[in-house]
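This is the structure I have questions about; it appears just below.
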Amino acid sequence: MKLLIAENLQLWRGELHVLRGLSLAVDVGCCLQVTGINGAGKSSLLRVLAGLLPPEEGSVRWRDIDTRRDPYAFHSELAWLGHGTALKGDLSARENLRYSAGLRRELTPSMIDAALARVGFAHADQRLARQMSAGQQRRVALARVLLLDSTLWLLDEPTSNLDRSGQQMFTQLLEAHLDEGGLAVVATHQPLPLAAQRLQTLELT
Amino acid sequence: MMQWLSMGGYWMYLWPSYLLTLLVLVLNVGYARRSARLARLEALRRVQGAAAQQGRS
Amino acid sequence: MKPPATGVVSPGKAGWRLVQRDLRLGLRRPGEWLQPLVFFLVVTTLFPLATSPELSRLRDMAPGALWVAALLSSLLALELLFREDGQDGTLEQLAVSGLPLPWLLLAKTCVHWLMTGLPLVLAGPLVATALGAPYASIPGVFAALLLGSGALSLIGAVGAALTLGLHRGGVLLALLVLPLAVPVLIFGARATSLAIAQDPMTAPMYLLGAIAVLSATLAPLAAAAAVRISLE
Amino acid sequence: MDWTWFHRFGSPPHFYRIAGKLIPWFAWLAALTGVAGLIGGLILAPPDYQQGEGYRIIYVHVPAAVLSTMAYAAMATAAGVGLIWRMNVAHAVAASCAAIGASFTFLALVTGSLWGRPMWGTYWQWDPRLTSELVMLFLYLGYMGLRDAIDDTARADRASAVLALVGVINLPIIHYSVDWWNSLHQGHTLLKFAKPSMPPSMLVPLLLLMLGFVLYFAAIVLVRSRGEVLRRERNARWIAELLGAPS
């Protein structure tokens, strides 16, 4: 079942025609990997799908409803991770998760600890976010994606700043998400070692 | 005529107002036409650029 | 297919959590939100220095000095409202959270007012007495600043959202917000001068209250639209 | 109700064509009414029994002041239409209004103070109308400043549209508050610009000039909007046909 469908997306950034009539459809349990050179419009496409950037033409449909007609229903099933990690430097990892994912779901401390453990972040770590390395911040941001327990993941360069073990960890998280029947659109250059039937690719030029 | 021009002694307030009004009216016309012309040139360049690009590919 | 997420939080509760988060962040960085207060005190100190130390003359100027200083100080504080959240991606997360964005921004603006507006409201009456206002005028000055500073924060939120991420944001923000703040300034200063003169101040207070209510209903909607546009 | 005219007007090629046809009509009508109004105001109308010949400044001041408010209202309406229906043509119109409105606000301010010099004995008086006009000039400058600060046209259109709408809600409040403020502090008698009991020989030229200014505004806005529409147009085919470029 195709839950996420985009049709005939047209987008200009300034004088640049970034998306030229792009269409895509993502199946349940599938991951769409978006690749392309820098400036090909990977981020723009993800922002259009998330509803952050209105396309000039075309539509994005979630469960066969235009996302612009009912953005709240769509967004309540969406976990978004953009370039910014949206972590507050003056809060610890757990506080950050409690006040970001916790805006949308009731979280218990054990749920937060479990998510931090899954992204390989020592849960005894009490450091503030600004004292963490960029890779550790990414891990905490991924923990937020897990905690939101959303059907659709839209991730823009989720593995930037992650070391090799971090990239393996991300693949495992993604597989588990797809196993549960989730969907994902991921913009990344890193090859995703997923089974062929659950990996679609889209190369932007 | 001179009597009309002097406007009962108010000429030094009246005529500058009318002059300035004329200036604003004329300048607005000038700027509007200029900006429309520039936009046309810009559009022309863009159209030709797109045509050239299509010709190459 | 994946079952829907459990334990969904209501918008009201989400707003409350956002308030808690911003309060906690503010308390960890007191320097940031104390600066507008210090600015307010410095500016109001400059007025006697620039004119005369005679209390009778200062008393006439006190409402104007108080409100112009409060307006400038709240303008200065607006930089803190959305800038960091815009840069680190927090606003993006709020915009796609499936929660009503105007409501979340109203929550953020309320915290912003608590941290930067409320100190002015508390310090304002003291400054007024230093400028020659009688002690009996303290409640009146306090009430006028209470309503006025709330309205200023709300109106300012729209300007801050519009200039989010712009290079020349600071000066532009002043140019956008100050003309819109004219009614608040007029009614606020009038209420204050009536309070200082010990006259009934109902008329300007009603008008100030009307502006505050109107801003509280419309400003979050405009700010949410502006934030979405700024995130594009 | 049939809304096709609305959607057709929203299509850039149609707008471009229709505007091109309307401009000469507006321009000539503006010139006609303007000249007629000037003759009536400067020659035929009798001097005022109180202000003598000096009152004749109202024939430029009042139309300029009316236009300054009207241009803001037009800008905000166009901006609202553009924001709600995502119509680029409306954004183009809104973008064209600002500079023209600002110039007429400035004109109203200067002619107002030139008129004030003989009447009040000073160029600047904190008269409620002049003060409101001044605040409005700041609103225009803020709008233009915001537009200028944003590089991307589409984003500039939408952001400035929000500002225009916020401004248009605020405008009556600002007017009211300034009037209120002035009535508290007014020691001297105020001279009213346009008396309600004007004789027709004075009033008709004023109305003619107001009409002329509005028609002039319409013509200029359309000239500018045609350019702005081209700037916003992505689909190059009709531009290519229009401009006769090889495509």
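Going in written order, the chains are labelled A, B, C and D, and every chain counts its residues from 1.
In this section, a contact is a pair of C-beta atoms (placed from the backbone, for glycine too) under 8 Å apart; a residue touches a chain by one contact, two chains touch by 3 or more.
The model shown is predicted, which means the values in this text are computed figures rather than measured ones.
Visitor: Between A-D and B-D, which chain pair is linked by more C-beta pairs in contact?
Guide: B-D
Visitor: In terms of Cα-based centroids, which chain occupies the most central position?
Guide: Closest chain centre to the overall C-alpha centroid: C.
Visitor: Distance-wise, how many Å sit between the C-alpha centres of chain A and chain D, to the nearest whole number?
Guide: 48
Visitor: Need the CA-centroid distance for the pair chain B / chain C, whole Å please.
Guide: Roughly 42 Å, centre to centre.
Visitor: Between chain B and chain D, what is the separation of their C-alpha centroids in Å?
Guide: Between these chains, centre-to-centre, one finds 15 Å.
Visitor: How many Å are there between the centre of chain A and the centre of chain B, using C-alpha atoms for each centre?
Guide: Their C-alpha centroids are separated by 51 Å.
Visitor: Among the residues of chain C, pick out those that touch two or more other chains and give their numbers.
Guide: Chain C, residues with two or more chain partners: 232.
Visitor: Among the residues of chain D, which are close enough to touch at least two other chains?
Guide: Residues 152, 154 of chain D each touch two or more of the other chains.
Visitor: Of all residues in chain A, which are in touch with two or more distinct other chains?
Guide: Residues 54.
Visitor: Okay, what are all the chain pairs that touch?
Guide: Result of the pairwise touch check is A-C, A-D, B-D, C-D.
Visitor: Across the complex, what residues on chain C touch chain A?
Guide: Counting only chain C, the residues touching chain A are 1-2, 4-9, 14, 17-18, 20-21, 24-25, 28-29, 87-90, 92-100, 228, 231-232.
Visitor: Okay, in this complex, where on chain D does chain B touch?
Guide: Those residues of chain D that touch chain B are 43, 47, 52-54, 56-57, 60-61, 64, 96, 99-100, 103-104, 106-107, 110-111, 114-115, 117-118, 216, 220, 223-224, 226-228, 230-231, 233, 236, 239-240, 243, 245-247.
Visitor: Can you name the residues of chain D that touch chain C in the complex?
Guide: Against chain C, chain D makes touches at 83, 135, 138-139, 141-142, 145-146, 149-150, 152, 154-155, 158-159, 162-163, 165-167, 169-170, 173-174, 176-178, 180-181, 184.
Visitor: Please give the residue numbers of chain A that touch chain D in the complex, ascending.
Guide: 10, 12-14, 17, 54, 56
Visitor: Residues of chain A touching chain C in their complex?
Guide: So the residues of chain A touching chain C come out as 1, 3, 28, 47, 50-54, 71-78, 80, 82-88, 90-91, 95, 99-100, 102-107, 148-151, 180-182.
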